[in-house]
Amino acid sequence: MTIQDVNASLALGADGVRSANAGAFGRKALQLIGDLATRFGVLIAFALLWEYGGRLGFLNSAVIPPLSDVIAALRDGLVSGPLKEDLGISLTRAGIAFGAATVIGIPLGLVMGQLPTAEKLIDPLLQLFRQTSALALYPVFILLLGLGETSKVFVIFWASLFPILLATIGGVQEVDGKLIEMARVYGARRLTIFRRVVLPGAVPQIFVGLRLSATTALLMLIAAEMIGANHGVGFQVMNAQYNFQIPLMFASIVLLALLGLAANYAILGLQRRLCRWNSAG
Amino acid sequence: MTIQDVNASLALGADGVRSANAGAFGRKALQLIGDLATRFGVLIAFALLWEYGGRLGFLNSAVIPPLSDVIAALRDGLVSGPLKEDLGISLTRAGIAFGAATVIGIPLGLVMGQLPTAEKLIDPLLQLFRQTSALALYPVFILLLGLGETSKVFVIFWASLFPILLATIGGVQEVDGKLIEMARVYGARRLTIFRRVVLPGAVPQIFVGLRLSATTALLMLIAAEMIGANHGVGFQVMNAQYNFQIPLMFASIVLLALLGLAANYAILGLQRRLCRWNSAG
Amino acid sequence: MSATQAALRGEVSIRRLSKAFTLNDRRLDVLKGLNLDIRSGECLVIVGASGSGKTTLLRILAGLESADAGEVDIDGRPVDGVGAERAVIFQEPRLLPWLTVLENVTFGLDIRGWPKGEAKAEARHYIELVGLADFADAYPRQLSGGMAQRVGIARALTVKPEILLLDEPLGALDAMTKIAMQQELSRIWREEKVTMILVTHDLEEAIYLADRVLVLPSNKAQPPRLIDVDLPRPRERSSADFVALREELLAEFGLH
Amino acid sequence: MSATQAALRGEVSIRRLSKAFTLNDRRLDVLKGLNLDIRSGECLVIVGASGSGKTTLLRILAGLESADAGEVDIDGRPVDGVGAERAVIFQEPRLLPWLTVLENVTFGLDIRGWPKGEAKAEARHYIELVGLADFADAYPRQLSGGMAQRVGIARALTVKPEILLLDEPLGALDAMTKIAMQQELSRIWREEKVTMILVTHDLEEAIYLADRVLVLPSNKAQPPRLIDVDLPRPRERSSADFVALREELLAEFGLH
Amino acid sequence: AKAEEVTIRYLASQGGIAPHELADYLGYYRDAGIKLDRIGYAKGGPESLFALASGSVDLGGAATPAVLNSIASGNDFVAAYPSNGVNATVKSTFYVLDDSPIHDIKDLAGKTIAINTLGAHLDYTVREAFHKAGLPETSANLITVPGPQLEQTLRSRQVDVAAIGYWQQTFGGALLKTGGVRPIFTDQDVLGDIAGGFVVLRRDFIAAHPETAAAFVAGAAKASDWANAHPDEARATLADILKARGENPDIAQYWQGFGLRAGAVTEPHDLTFWIDTLERGGKIPQGKLKVADILFDPKTKTAAK
């Protein structure tokens, strides 16, 4: 038996070193360009199709005006038209509703995901309500909440609650039971387990719920602002439609979509920040 | 040092045995009753509130007729009235749309969750579309798809696609990377990894998406059947409202809610069957 | 022999303990009428073949699993669920992936309401003791298997329980680190007068640490066996008595 | 020494292999200019302190991790990702929780396109070999730690790779089961002429199985060491040569 | 010669009919070879305009400003005949609760008025009313409330005034039946007799079937005249039609008529009022729309252009 120094036992050739870092910078730049191209390529293609679809005869531009007209209407609407004011009003409504859905949905979901009794108690009613369109229940909402901001915010809240709630319950039930056991043997009470194990463990799913919910909140603006409103981006969509002001209608739709996109990426960004442990170093 | 037989080393008293099984049957029966009470108690309380709310003056029964009237309208509608036919038509529409959303959403979500390039390519467009209300896009749908079944089914499909898609992507990204690594070293190709590791691992989240999506499909019936329709439960909701048939309107709403509830529990049941490994023996 | 004096901390009394699992309609007896008294401050080591029920027994003692029949009393009170006087080191590290090593180790102290600063100082002490001072800010996924296991040990030690339940705590460690950790465990056990119940597959480790060794049989028709280890401490692994006892234990396992 | 002849199966050549991790802006050298040739059909055992880079080296050989610099060639071709000629037994069992033991063990064969019936028969053979015949229909969460580990071993053995990479495969097993499994591994290695690269903390296991032992240092300024084990096979654990070599290895670790 | 057979697909609206539907029911189109095919319902006129643009239907109908906007945005539509309007019997009424402090237009300043669409008929009725009373046009707070909820919101005092459009007579009838409300003013007080909405055809459809188009308009005009002359029979007929469609026939009792002049003729004012209003508001370019270009002339069986 012999003990030997591994490296010394070999005749080394310098050529054996793989040049892993050569050209790294150039490659990175190329990669970035490719990245942007894939990320926005389809989007740009879509925009071009829209813009030129009418001119090339694919689309009826009396009903779907070219993108440039829509952008012009959007700019006008935001600079001097109704959309400037509408934007603030709608964001407030959607924001309050989404905030309430978050503040109620996450804790409720955590409780329902953890306590079978609570779930059994609330679930049937919740499931029943979840199945009920806010659109259909307008008369009821107006009766109970009036025509003012409350009913609009509530309609939005109602629809955006369920994605958060269901995702949170799902996330909680997916949390590794072994970690909960660990916390229990260290004497953690229910609330501490929630806060320190269940909540962080369910975070990725909760964020899926938040993203669905934020979208829902913005989409529900249209339904919520169909009644008793005279302002709001959602109101503009329907009102412009009724009056056949098509560029303004599309401008409002695009504005809502952009808001949704912004919310989506903002929430994704927040998630990345919160879940740094998942990707750090 | 001595080796001893543990049990023999102790003087045993028969009273040491804890009677863990005593009264097990009685306890089980009680438990079942309690279970049903918690599960349906809140629901029954809600029904009573509805029924007697009008008579006791809480509710305006011109706007919200008592539950018994609604149930009567529902029975009439289903036995001899329009709802019998409507039910079949609406179920077909929602079913096709939900089926398509499932068939497209799950594979697309699996791909997007796994392949960063695919996600980068499709995500921005999808996110943009997701933010766009089917309600607002009706003109576009009518223009591109006509007034027939296609546009109705497409509106429902559109709205129910995203919950499945997002939940699947979320579920896929949550799948334990260690298991995927394991499959890779066994030579599994992408498709096999999808099928055998990613898909089963994402199943719980996919089911959350399916449940959200089934609800959405039924809720979207109202919006989809608002325009250019002659039949359907969603059509009845709005039609009855315009025709002062308030009990019929609520009957249609209740019918939709019950359908949603049924879909929800059917999907939950399917999930339990599929995920038996999680709770077996 | 069973104690009701409250003065005794960390005394465990097990009476006719039975536990079976159902596995595809097959009944699987894991523990069958086990009787055992563990003295306050004793070090009991449990050995036995894979699947012989060591983890199950530990989980019942921890209050994580309920027995089918029989009683477990701790300091005269029947065990009902988990308790702050017990701490467990699981067979897997069970670290919270979103916390750093330092945060994971303070976890138990946080729950006991220690002030942040003191908890950190205490945690750092034990992190150093398990040789991970350089990795206090690392996340679990950045650790090797043995490092993660040591974090789990540090976490359990911080809370200074009356009874420490350890399930193969040193299984993933190299010989040298393992010996160092055995010495540490022995020292802590002696100084803190904690009752230690430890599962291991390493018979040397068993003899090094144990007052008594409980051998769980695979075949439940056989009774469990208890082996007294009355060697003087500190124990010398190469001493004749040590080696002889090791041979005896191996024989108990059907080896040699 | 590097081979380009296709005839050689399972030959590994490692040249100037380096790997570092970044940990909170700190650079952590794990492998530094490692050179090593592993012969076809050799059994190389890797030992080293916790955190010394054993798992990292194994992962690079498996193609799961890419090196920062240097080359790994297998049978003359540079390693680029995973390959069907290699199988890995991970430090954790990594069983699919939704499959039974039998289904988990057939996993590798399913992927290789074996007909269902044959795959099952083959899997049952290995399940029996690791002593789990009674548990073929159990789900992973119904297994003990050591049982799960044995399922992972059975799964890797079914696919009969050219190179078998094992990361502490017997760490969670009791002494008797462990010895039985070592004998099985040794027999399979001999009969199938597989190249075996095994990480272990058990020096006795290292000497029992190894042609050569690679000792990875914790301090990366020191070079890794290779120790030839030229004892005749089958090896006798109590033979004088065996015990002497064990002492030598312990000394290498700074013990005794 | 036997007239060519033409099927005209259209969308109905719930609880009401247009003159051509009545004409069809009365059999006025049988000899003209016109078959009406109701392929569904539209909730609101613009949807039928979208359907018309997409070719899913052959006629649409909407309030005048929506029709003008649709033509201005490039749809090659032609206003065929006015489908409804305001006159001495048919008109939009602004109601308040009996105990309301509001008694005339001047009292409306600062109050909340529920109407069904902003930027359309009722909106401009209110502006015009304020203008005539010497108040700023935007003195009141207008909010949108769909027809079915108008009564509910008024009675629960969530709005001060509910405007029941002349096309929403069922809601007005139901409101009056319950009672406890009184009218403040009507659009007829403010605007006089005026057409409110038009039936619209595609120009290429008219070019392909000029005879059919003329017969279609003539039949609708005849039906309108018949309804003006026989309001009770007309209500009974409406009930029959609604029943046949599976709707609630009871609401026919609230119906008052189409509100059209004799022969359903269009006065230039019907369109110019709106062209001027929209041009003033910058919604359509100055001079882009001329009445002659967009209105079907039954004599020449075309619209100019």
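Letters A, B, C, D and E name the chains as they come in the text, with residue numbers starting at 1 for each one.
Operating definition for what follows: a residue touches a chain if its C-beta (ideal position, glycine included) is under 8 Å from a C-beta of that chain, and two chains touch if they have at least 3 such contacts.
This structure is a prediction, so every number in the text was calculated from the model and none was measured.
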For subunit A and subunit C, the touch-path distance in steps comes out at 1
Chain-touch separation of subunit A and subunit E, in steps, is 1
Chain centres computed over CA atoms; the one at greatest distance from subunit D is chain E
Taking each chain's centre as the mean of its CA atoms, the one lying farthest from the centre of subunit C is chain E
Heading the list of chain pairs by contact pairs is A-B
Whole-Å distance, C-alpha centre of subunit C to that of subunit D, is 28
Chain centres from averaged Cα atoms put subunit B and subunit C apart, in whole Å, by 45
Here the gap between subunit C and subunit E, centre to centre from mean Cα coordinates and rounded to Å, is 85
By the touch definition above, subunit D meets two or more other chains at residues 21, 23-24, 92, 142
Where subunit B touches two or more other chains at once, the residues are 60, 63, 139, 143, 238, 241, 280-281
Where subunit E touches two or more other chains simultaneously, the residues are 46, 50, 53-54, 148, 152, 156
As the complex stands, subunit A meets subunit C at residues 178-179, 181-188, 192, 196-197, 200-201, 203, 275, 277-278, 280-281
Subunit B partner, complex, touching residues on subunit A are 35, 38-43, 46, 59-60, 63-64, 117, 120-125, 127-133, 135-137, 139-140, 143, 162-163, 166-167, 169-170, 173-174, 204-205, 207-208, 211-212, 215, 218-219, 222-223, 237-238, 241, 246, 249, 252-253, 256-261, 264-265
The answer for subunit A against subunit E in the complex is residues 60-63, 65, 138-139, 142-143, 146-148, 226-230, 235, 239, 241-247
The subunit C residues in contact with subunit A across the complex are 62-64, 82-84, 86-88, 90, 92, 94, 96-100, 107-108, 110-112, 139, 141-142, 155, 159
The residues of subunit C that touch subunit D in their complex are 21, 23-24, 47-52, 54-55, 91-92, 135, 137-138, 142-147, 150, 167-168, 171-179, 201-203, 250, 253-255
